[in-house]
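In the part that follows, the structures are each spelled out as structure tokens.
Each of the next two complexes has chain A plus one other chain: chain B in the first, chain C in the second.
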Partner chain A sequence: MTAYNAFTQEWMDAWKEKINSSKEYKEIAKEWEGSVSITVNADPSRNLPETVYMFTDYWHGDALEFLICDAAKAQTAKFIMTGDYARWKQVAKKELDPTKALMQGKLKLKGDLTYVVRMVKTINKVVDLLTEVETIFPDGD
Partner chain B sequence: MQNGYSGKFLQVDLTAGVCSNISIEEERLKKFIGGSSLAASLYLERFDLQADPLSPENPLMLINGPMVGSGFPGSSRFAMAAKSPQTGIWGESSCGGNFGPELKRAGFDGVIITGKSPQPVILSITNNEASLLPAADLWGKDTYETTDILKAPDKNIKVLAIGPAGENRVMFSAIANDKGHYIGRTGLGAVMGSKNLKAITARGNQAPGKADEDKYKLTFKAAVAEIKDSAFAESLHLMGSDAAMDLGTMTGDVPFKNWSASEDSEISSKLSGPSLSEHYLVKAHACSNCPVACKRVTAVKDGPYQSDEGPGPEYETCGTFGTLIMNSDLAAVIKANEMCNRYGMDTISAGAAIAVSMELYEKGIISAEAADGLKLEWGNMEAVLALLGKISRREGFGDILAGGSVSAARHFGAEALDCVAHVKGLDLPMHDPRGYHGMGLAYMMSNRGACHLQHAAMGMEQGMVSWPQLFDMKEDYDGQTSVGKARMVFNAENYGILGNSLSMCHYVLYAVKPETVRDAFNAITGYNFDFNDLLVCGARDWTLKRGINNLLGITVKDDVLPKKILTAINEGARAGSVPDMQLLRDEYYAIRGLTADGIVSEEKLLELGLPELRDKLYKK
Partner chain C sequence: MAYNQDLSFVYFGPTKIIFGNGSSTSELDSEVSAMGCSRAVVVTDPGIIKAGLLDKITKSLGGKCVGVFSDVPQDSGLDVIDRAAAFAREKGADIIISVGGGSAIDTAKGMCILLTEGGSLADFEGIQQLTRLQTPHIVIPTTAGTGSEVTWIAVVYDKSKGQKRLIVETYNAPRVAILDPTLTAKLPPLLTASTGMDALTHAVEAISDVDHEPIADALGLHAIRLLNKYLPTCIKNGSDLTARGQVQIAATMAGWAFGNSMVGLVHAMAHSIGAVAHVPHGVANGILLPHCMEFNLPDAEDYYAEIAQAMGVYEKGSTTKQAAETAVKAVFDFSKKIGHPQKLSEFGVTEEDIIKAADMSMSDGAIVCNVRLVEDSSEVLAIYRKAL
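On to the complex of A and B.
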């Protein structure tokens, strides 16, 4: 399996491909409408010198725009999720459930929480599919 | 007083019709803090544990904690306690609302009620004075009517009232605070009814003092900021406790079809917090001084289940009158909730008794004829609503259910008993231990029977909280394993029970940092407790109540999960998962200092400063 460096456009493309190949995702996410941006706070001590912004867009079971972007683009998303690199890495490695991270304040969400709660199955599936992408993290593992 | 306490308790002898004041020594307050913990210490010392729960000798205790009335978020709760008529062991329940703070303003830390009035009465408490007033004209009225009548002279009067269920000694009857907040569990409404006490009112204007007002203000500001920053608190504000329905369904927490079926999101999505907000929410409502405002005010304006604007259902009620009986009509749940509120019945045990009836009906153990002509088919809400009235009046088949699900099942034989999901006679709340094994242990060891609020296990195991500063814990537990859960439950009990002793709402306890809670407690009381001191208070409370239950006959034979929970469901989120009861219990006993028979060891009793209990338990 090809491994991708985390937070690169190639890595995002691979993630998007996983989502669009998943029949289960299409069924679960058939009502999801809207974009989610992910902000990974810089952590030079873990070889992430600058904050990373990602923009992901979804519509009725399809993944659309998946981009490494700038802060301004990230701010346009329907939902904005922010957290430290160490936390996002835990999520991407399936060591921390994203909903639990949100409730514990380890990730922050800006957007309609009621919608997210209703669609939590969709969010978990998107994260599950990310964990299927072979990933090389900035700090090595 | 300048330490959060009023400095006096009200003692009421209903037989003699006499009210008097008593004080509680500071050493006891420091050991037990308040709430049901303080109630248990008084119960052990002063009362006959063998008294029948519905006899005049069984005391009904209502006790605040030192933070009640301080204005600190989530600190409006108060506890009531007595020997439970539903379970025959230690019984307690707490609720938010506004009665606790008002009782404090009226000058009392608590009320201890004994005896039985020859006639129905109201206990009226106003600014250091108490009196008993005739209530024959209120007897028979529901809690809403009673509350409206008692508040008519002054809307600032706060009311605790029972409805027809408590009067008729329905074993799971509740006590209502101003219509919207309920002392729901363990049947304390029946204890109140057995004493001919229809209601308690409180009104006062004394501000409780704090030891260090400036430090308190800092902790208050910190708590408000932490709540504002908490997604957990935000979800409660937006969706109420029913925010748990969607996620709980996904993770195997929500029970379906009397604990026998896998999840059905077609049903649960119609009962969820977002659905409630979208279709029936009128406004959010808060307990006294709480910025979370998780309570729902709902109304159903049309259709067969119209209900007036009033207190809406919590998650538990959406479970018992929804998924547990395979009903997906949220309007019908709201109606059932309103009826339970008015009659004064615990929605968990009422729904559980009906769910058991439906399973027995499906199995042919109960016929429609035996059920007064009601077809107890899954989801038949007309039958459910009819049954609620019958239960409250103890009429026909309702009289059988009024004894509670265990009593009702005994009526129908051994096979029926296997249909009841309970621990120590108390019906399971709507959290499935097959989805979260730690909850199974917490149910097994909770001192009032199966309970989700005598600990913080739900918050820890489901990942709503992370408190590494308090004790060693994971931030992401696997729900469906029993390994390592005994330690988690032990810690969760000690901190969760502490919250109860402080009279703090668990939702706020989850949203606010432990440091802030500790500092607020110290600023109010003038004590200098560290985390260990506080957690020892939690451990002492658990051990005290366990010892009381040991004296009432509780042993290892009672620390068991019901057959329903020890039977795996073959598909869905909890497929094949069953808690390892033996492993959980063995590890827990060792940590908690219980003997193999489930009795608190002498060493543990002395370590926690409970020599009186040691003397009684070991007959010294």
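On to the complex of A and C.
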């Protein structure tokens, strides 16, 4: 399996491909409409010198735009999720449940919580598919 | 209660507790000064003023009380909080003191955010967005049930959506809670029962939620013991300050428990029927709790068996399943024993209301933490029908 460097366009393309080829995702996410941006706070001590902004867009079971972007583009998303690098790494390695992380303040969410709750299965599936992407993290392993 | 090697949790309980008869007047001024504050706005509701509970409290603050906002309704909303924050800003408040039940406390929590961050509460849609401590907040509960005095969660009505919204911000936990049993001595039996059932619901849901953990479990189970022992006494003799005090402590312990483990289906349904048909929160929780326990039973036997022990109904030699069933029956019986309402229809709820509320419950934040996965709104509707 090809391994990708985390938080690169190639890594995002691989994630998008996983989503679009999942029949299960298509069924679960058939009502999801809208974009989610992910902000990974810089952590120079872990070889992530700059904050990374990612924009992901979804519509009725399809993944659309998946881009490394700038802060301004990230702010346009319907939902904005923010967290430290170490937390996102735990999520990507399936060591941290994103719902629990939100409740405990390990990740932050701006956007309509009621919509997210209704679609929690979709979110969990997107994260599950991310964990299937072979990833090389900035600080190794 | 079984835990496995994957157990991982964060327990957070930063609120200082002061307990004792008369503490709401003897300790308040010192606590305000200790935080370096000198301009307090008190937030309350008209019922508290009418009951004569506020005067002594504001007087104890002397010149530090710069204003009283008393326009808090039963289910406070974003608009109320925006108005209250504007009032506090105009008064130059550096600390908020809430005196009342959940609605006054949650209004104050919203105000604390706006005083620190500015803007309207409608701008803070999301979860855990704050990155610094908010305006200091001292809570003086006048009921024993909400637990909001020690949580960083506020529930406010969003008129634009016709739904209650959860505001979850760890940086917004109250700094101090002053539990003064004398303030609850005149609560009428129905309000005593419904707020007590609210506390029981917090404890039961905290113990059985997907993220339950040993500290919250211990707090929840002891809260159940105290409620089981002292709440009936409070109903029979409201002026028994020993019983009143123990029920206040139980409510606070249950607040810590659910603040960490979260609540579940009962709350999702109570928030929704509250938004749709304005059933008071404690009443809705109290009516729905045993019905939701029945629904959750297949996935909650271990937890409910512990509840049977805490309620003193466990029979030696029972299987876990039998003990869990006994706990559900005990909660039904307890609710009847304390004279709590049994049906939502007693509050004018209709079939049309529960259909709307069942759908709304599926988007309430509490539902994701429920011990049993709720697949769709038809399951919720079936529970509402049993409680109608």
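In this text, the second predicted complex is superposed on the first by the 141 of 141 C-alpha atoms of A that agree within 3 Å, B and C clash if a C-alpha of one lies under 4 Å from a C-alpha of the other, contacts with A are read in each partner's own complex, and residues count from 1 in each chain.
What we mean here is this: a contact is a pair of C-beta atoms (placed from the backbone, for glycine too) under 8 Å apart; a residue touches a chain by one contact, two chains touch by 3 or more.
Bear in mind the structure is a predicted one, so any value in this text is a computation, not a measurement.
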Side-by-side fit of chain B and chain C on chain A, or clash: clash
Chain B versus chain C as contact partner of A:H60, first or second or both or neither: neither
Contacts of A:K30 with chain B and chain C, given as first, second, both or neither: neither
Which superposed partner A:K110 touches (first chain B, second chain C, both, neither): second
Touched partner set for A:R118, first chain B, second chain C, both or neither: both
First, second, both or neither for A:K93, with chain B first and chain C second: neither
Stretch of chain B, among 45-53, 171-179, 387-395 or 567-575, that runs into chain C once the two complexes are superposed: 171-179
Chain C-contacting residues of chain A that also contact chain B: 99-100, 102-105, 108-109, 113-115, 117-118, 120
Touch list for chain A against partner chain C, complex: 80, 99-100, 102-105, 107-115, 117-118, 120
Residue numbers on chain B that touch chain A, as the complex places them: 229-232, 234-235, 238-239, 243, 246-247, 250, 265, 269, 272-274, 277, 462-466, 475-476
Contacting residues of chain A [partner chain B, same complex]: 95-97, 99-100, 102-106, 108-109, 113-115, 117-118, 120-121, 124
Interfacial residue positions of chain C with respect to chain A in the complex: 10, 125-129, 161, 163, 165-166, 168-170, 211, 262, 362-365, 367-369
